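Dropping the structures in below, format is structure tokens.
Look for subunit A in each of the two complexes below; its partner is subunit B in the first and subunit C in the second.
Presenting the complex of A and B:
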């Protein structure tokens, strides 16, 4: 008996976004990272092209974080006050595809650092590593509007990924990214319709669709992962069905969200029955990432080297195509 | 003497009415007592800022408020709901705060009256037999003789039977009629007893509610009432000619207890305040009634019948029926078909035996305003697939034809009725009813009646959103784009768009549409669109399957159909299929009053319509968010809007 071929035929595919620019392209990166390109549901590669492998961006903070759980501080304790060395360690020792510079320090409540200081940090990281950068504001609209244009200008030509444009605050950052040749993260908290609306608004001012990465906010394991999962799954299905305003690659903030959960950060003495904190935290991050990958994710922002190693192995296995 | 015993005179201008109130009474309460109507939407919660009045003489105790500008404060403006009387006062009520009536124009079908024994619905060909629920019958009775010794009551019933064909068994009367009958009949000094009996339908029975000497058949009046969540409209009708004589409307005073009826139900339940809500709506109706009576030189006894159409919750409030079960699963009303009641029992000041008829509901969230509207447009007789939408505080949608009808209800909010919008108002004199912005960004508008604008009504607001979008003053999220128009300016509360400068408006201050107004209007249109989309999807139909669309609502006499689609309130349907029918709820009440056939048809429609619950439908919220965009999050669904706007605006290319 012949088994019928039940493979789905999809009419659309995820747009390929290129992050980083080499010397030839006007930047200083040693390599670029391409994300997107899938024309099938994740890992159903008999239906189409699975696209580029999900890339892993490791977070580096511009200002030393105060309350990191010990298990998370441990691998970075020697570099925690030096973002450039921190980034270098992430790339050289832990194999990060991208560095995500999180500019927490510019937030009014977390130091209110000047744009010049932020630019200095970003420049030092650009010099220290050869991978492309994601540069993320502090999520305070006013401060972001002051600082992000300066960051954009200072990194002109590097084709970074800047974050984030929202429905209420998109023009400033989008206009700067457009002028300086960067990619842009569009953010809509857990709502596929609003995500699409932000993408339309950004494209209305002339921003090219192939320079957008979508971010729905992320829920960690046990903290709303199902919401993030189903929204991302809907976005991927919309992209494959030909909706060009939802066809951009998707980013997840796995590290920060996972390590906010008490299951990840509770020290051994507080939760002796939960297993060793040094293992538990990275596991929580790993499982969050592994689950979300299944919904269709192109960039994972992560924290812990052990989780990064596990997920890299996992991705390689998924993309080994049966070998 | 204790302090509470101080009382002061409050004199209101331009009404020139005076009232004596206790110290500490608010100016708003004083105005209500003096029957001076002051615009107030929040009903004394100090949130709407509509009740601005000017203290000309005297002083009040008034807490600080951000709702008055520094300029207004120096000109002695106060909020009537917050200011307490502490001396004799002379208060003048500025034009924008006055609720002025009598300025809604009657439409041609309303004033047409009976032709060839028929009254007319809202569309050509929709006609019902003129046969009022309450009618006056002129009778000439033979006085009794020894040969014909039938008693007076039976004699009366026999005469009615002979004249109208109503069987004697179906006729009833109350004690008061019986008691007065012999004397009334014998006032006749002639050989025959000439009297007029007023007979009211009462279920399957007919009740004799009034008898009087002589032929007064032309002197019988009735009242049709649209009891809306935001607006109450009353229409005075001559029962014999079928003509509408006058119309009057007001905002529903229950708004002080919440913008939508769910909030009001919660308030009634939590505060045990159902009776307060009922008294409030009765007071509104009586207030409108007294204006209509005075203007038309009639007495309250002259009104012999009243029909009410309204959503299920409003009818519950009107009748003091417990509304709490309406909002709890499985959403059960006390009754869909309300029996014939006495208006008098409810406190409505008309002839004491006059009946009150309520148009029947379909479900907890689809009421007599919709069944009546469907009857008025003859939806149940249509061959082709029709969509009927009533845009009110609730947007109700009916889909169907003579074979089947499904309906649903979505909470749209009162913004298209002019409430919840800074310079919004009802469609009455002085309202901007249409508006356009030309290529050169110059703005033009048309006002209902003559004179200078007082505010913007629903159709004008709808035009405003479309014009702002077309001219690029707002983006597809509805956000005002500073720099895209010289009329956009920044205030402490955010951006706003200048529509009329102070010098050109009666209010003496700039008329604007604010960012918050625009957002409210977009939410309202999104609620309507998503109700339509969800209902279509549930029936596996596409917008293109709809052959006729009937849009109803208190927009006044005009609605730009193209703009309804441009802003994405309706899916793209060829505009020649879309018809604006005005206030169909009121038409339902009017036709029912004038035609027993029409009233029977409403009942038939109510029993045939299938209710579709949006609240339990997960698609609805999704549709709603995607409709919260101009025209819609899916551009593919609005190709002609994109095509039209592309010429004017790069964002649509």
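Presenting the complex of A and C:
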């Protein structure tokens, strides 16, 4: 009996976004990272091209975080006060494809640092590592509108990925990214309709669709992962069905969200029956990442080296037959 | 939905005049405006303007393609005229149309396969256009079977169950919705369904209202495509909105704009 071919035919594909610029391209990066390009459901490579492998961005904070769980602090305790060395360690020892500089320190409640200080941190990281950068504001719209334009100008030509434009606050950052040649994260918290709308709004002011990465906010395992998953899945199906305003690569904030959960961060003495904290936290982050990439994710922001190593291995295995 | 723009047709007086005067400008203006309005295909029909239909079809195709990349729907009841249009056309066309008798299908389906075209088939057999639902669905099923024999992908087969003017038979539009539903059960994946939407409102007042009300109902019943007045903005809004309500497009506050811009870029 002939077995019918049930492979889906997709009419669309995920747009390829290039992050970073080499010397020849007007930047200083040793390599660029391309994300997107899938023309099939994740890892169903008999239906189409699975696209570029999901890239791993490791988070580096501009200000030493005060409340890191011990299991997370351990691998970075020697570099936690020096973002450049922290970034270098992520790239050289743990194989980060990208560094995500999180500018927590500019937040009014977390130090209210000046734009000049933020620029200094970003410059030091650019010098310390050769991978492309994601630069993330503090999620306070007023401070981000003050600081991100300066960051954008200071990194002109590096083709960074800057975050984030929202439905209510997109003109400032989009205009700066456009002028300075950066990519842009568009953010809509767990809402596919608003995500599409933000993408339309930024493209209305002339921002090119092939320089956008979408971010739905992320739920960790046990903390709403299914909401993030189903929205991302819907976005990916829309992209593959030809919706040009939802065809951009997707980013997930796995590290931060995973390590907020008590299951990840509770120390051994508080949760003696849950397994050792040193393993439990990285595992929580690993499972969150492994689950979400099935929905169609192109950039994973991650924290712990053990989780990064496990996910890199997992991605390589998933792509072993595809490419 | 697939919107086949109807205006480049020699039955319209402005097009007829352009054909007689061999003046490409009115044709090209229509091609441009219909493309900008979101046409998926531009229908090209020689009408009754000229005796040499082959050369007029060729000319219409050529002047249209000079100003737009929108795919063409080659519209004629004569196989030779269809062939002349396909020869002149770049890219994949829609053949509009072929009757449902086996001997007709044996000519047109291989042509569609050869030219990588989609094919509109009318539910007409030797007895003419059937009056009831069952006979229309029966002819549709025989068309689908024939297409499957030849290996024509069901998504490239468009069944036209033939929509009459409302004021000829007012029972018919509601019955037609049932025909759409039943055609969708013929195969999996099902064939596509197309109608000549403007036929419905022939001879009525409020043509646009009649067209767009039926379009919304028809899309809900399974209609995929229509030969229609894409220059009617209200009608196109209904097409876009119905696709959104049927979850074929994801909602955003700017969904009308998004659909139009996606069309133009596509």
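Before moving on, here are some points about what is shown:
Just so we're on the same page, the second predicted complex is superposed on the first by the 321 of 323 C-alpha atoms of A that agree within 3 Å, B and C clash if a C-alpha of one lies under 4 Å from a C-alpha of the other, contacts with A are read in each partner's own complex, and residues count from 1 in each chain.
Rule of thumb we're sticking to: a residue touches a chain if its C-beta (ideal position, glycine included) is under 8 Å from a C-beta of that chain, and two chains touch if they have at least 3 such contacts.
Since this is a predicted model, take the numbers as computed values, not measurements.
When both complexes are superposed on subunit A, subunit B and subunit C clash.
Touch criterion met: A:191 reaches subunit B, while subunit C stays clear of it. In the superposition on chain A, no contact is made by A:68 with either subunit B or subunit C.
In the overlay built on the shared chain, the residue A:238 is in contact with subunit C alone; subunit B does not reach it.
Contacts of A:200 after superposition: both subunit B and subunit C are touched.
Comparing the two interfaces of subunit A, the one with subunit B and the one with subunit C have residues 193-194, 196-197, 200-201, 245 in common.
Taken together, the subunit A residues at the contact with subunit B in this complex read 167-168, 191, 193-194, 196-197, 200-201, 204-206, 245. Remark: subunit B residues 475-477, 479, 622, 625-626, 628-629, 633-635, 650-651 touch subunit A in the complex. Subunit A contributes residues 192-194, 196-197, 200-201, 234, 238, 242-246 to its touches with subunit C in the complex.
In the complex of the two chains, the subunit C residues touching subunit A come out as 249-254, 257-258, 261-262, 265-266.
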